[in-house]
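Here subunit A shows up in two complexes: once beside subunit B, once beside subunit C.
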Partner chain A sequence: MKTSQILICISRVLFPFIVLYGFYITINGHLTPGGGFQGGAILATAVLLSYFIQPEKIRNLNLLIKLEKYMFIVILIVSSISLFTRGEIFTNFLPINSSINLKSLFLTILNLFIGIKVSTGLVLVFSTFIEEGK
Partner chain B sequence: MIKKCMLIFMLTILLVVFSRTSFQAIQNIDTSSKDYYLKNTYSDTGSKNIVTGIYLDYRLFDSIFEASILIIAVSGIIFMSKKDDEVV
Partner chain C sequence: MIIIYMLQILLIFLSIYIISSKNNLKAIIFFSIFSLVTASLYYFLKAPDLALAEVAIGSAITPLIYIIAISKQREFLVVSHISKRDSFLLNTKDTVGKGYKLLDDFTKHYNLKLVINHGKYDELKGIFRSRNIDLVIEKSKKNGRYILKGKKTSILMNKLAQLTITDDDIEVITIEEGEIYD
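Right after this comes the complex of A and B.
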């Protein structure tokens, strides 16, 4: 497939801004609209743009599969720490009368992990389709 | 002809029933859960965005299975697209 030179040039300019915006949406999920799922989708579009820039580059899909599986296990572990600290599973692991700024640390960590997991999942879906269509 | 008439008849019945139930639902809305979340979410979870407070603290059990949907879909796509002699 032949890609236009203008599209490649514009993609090179836009790529770092899209990555920055995706991380902003992911990390600020507890203050502004957004969150892990939406930010992960934006990060996946950045990787989709990089297919325009270097279409011949072969990527290692096995690493991404391993990353997504381990991210899911990490999310399960982080969300079930509260069984030992609070006594009930699947909530915040900090005690219930700690300060509000400390409580939002849990939301930031979980949003970041969910964002990485969703972005690797979407990247895997369309990388598989692109490899198949060659 | 009969098929089209039956289809239009069924769609009209659906429209009437849906509009009746929605007009009835407007008159008696229960706002107790909305008031609870508006009052207590910031002090309980520490998030100014109430949606994040609900899906990462109150309903985290639901959100984990929502994240696992994607991993199941990805594993299905990779299983259907891999070659015969390739091991993932």
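Right after this comes the complex of A and C.
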């Protein structure tokens, strides 16, 4: 696939803004529309653009596969911390009478990890497609 | 309210166009527009969460996967085991090898893209399975003829055998599915 110079130039301009927007949607998931899944999908589109800029950028797919698997375990651990702090599983690990800003930390952390997991998963799907017949 | 009705009518026309279009690439681009319209419809129906997911996945990632699949479909992969200095597959400004001319005409006739790979069969593996190779070229040590090996099930191999039946230098061998090439 030969990509034109205009597409490469525009992709270079757009890339940081898309990454910023993806992280914004992921981190602000508990206040605004969006969340881990949507932000992760937008981050995956940013990586997709990087294929136009430098086609040989992503080489080590095994690292991404490992990262995705570890993220699953990390999500389970974060969601079950509350078993030790409050005695209940799958709920906020902070005490119930703490301030609202502090309590939203739980949702932010969980959204961030879900976003990383979704984006690595989607990147893996289309990078295996690209690498398949080189 | 009028905007919602207009977008819905636009969706119907777009989907009819996608189904009836003969060109694959055009259909994919209109599929991407289709999901963009769907996303704006979600937004007007007060589901911005879904709209965000639809924009990212429906109009960027899915069309890219389709485009890659289409560009892979139109390749004719040839693996050559003969040395690079051999004039059979040479393609420079001054000399065009006999085999290269044959394969080039053959693939142009069927509207495919010719990809010639020098090297070993083992290096050409995809991530999950070995790559589907269309043709393997070897040089026989006994009489110096060039041997073209391909799958028996492929219709293209029959055509290639008919093309080269008058040629003394070239021999076409077809192999059953599942056998090893070497």
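Side notes on the structure shown:
Criterion: the second predicted complex is superposed on the first by the 130 of 134 C-alpha atoms of A that agree within 3 Å, B and C clash if a C-alpha of one lies under 4 Å from a C-alpha of the other, contacts with A are read in each partner's own complex, and residues count from 1 in each chain.
FYI, a contact is a pair of C-beta atoms (placed from the backbone, for glycine too) under 8 Å apart; a residue touches a chain by one contact, two chains touch by 3 or more.
These numbers come from a predicted model, not from an experiment.
Set against each other, subunit B and subunit C differ in how many residues of subunit A they touch, and the higher count belongs to B. Look at A:35: by the touch rule set out above, it reaches both subunit B and subunit C.
In the superposition on chain A, A:48 makes contact with subunit C only, not with subunit B. In the superposition on chain A, A:83 makes contact with neither subunit B nor subunit C. By the document's definition of touching, both partners, subunit B and subunit C, reach A:125.
Of the two partner chains placed by the overlay, neither subunit B nor subunit C lies in contact with A:63.
When both complexes are overlaid on chain A, the residue A:91 reaches subunit B alone and has no touch with subunit C.
Once the two complexes are laid over each other on the shared chain, residue contacts for A:25 go to subunit C alone; subunit B is not touched. In the superposed model, A:10 makes contact with neither subunit B nor subunit C. Residue overlap on subunit A between its contacts with subunit B in one complex and with subunit C in the other: 33-35, 61, 122, 125, 128-129, 131-132. Across the complex, subunit A is touched by residues 48-49, 51-53, 56-57, 60-61, 64-65, 68-69, 71-72, 75, 77, 126-128, 131 of subunit C.
The residues of subunit B lying in touch with subunit A in their complex are 42-49, 51-53, 55-58, 60-61, 63-64, 67-68, 70-71, 73-74, 77-78, 81, 88. Across the complex, subunit B is touched by residues 29-35, 61-62, 65, 68-69, 72, 75-76, 79, 89-92, 96, 100-104, 106-107, 110-111, 114, 117-118, 121-122, 124-125, 128-129, 131-132 of subunit A.
Of all residues in subunit A, only 1, 25, 33-35, 37-38, 41-42, 44-45, 48, 61, 122, 125-126, 128-133 touch subunit C in the complex they form.
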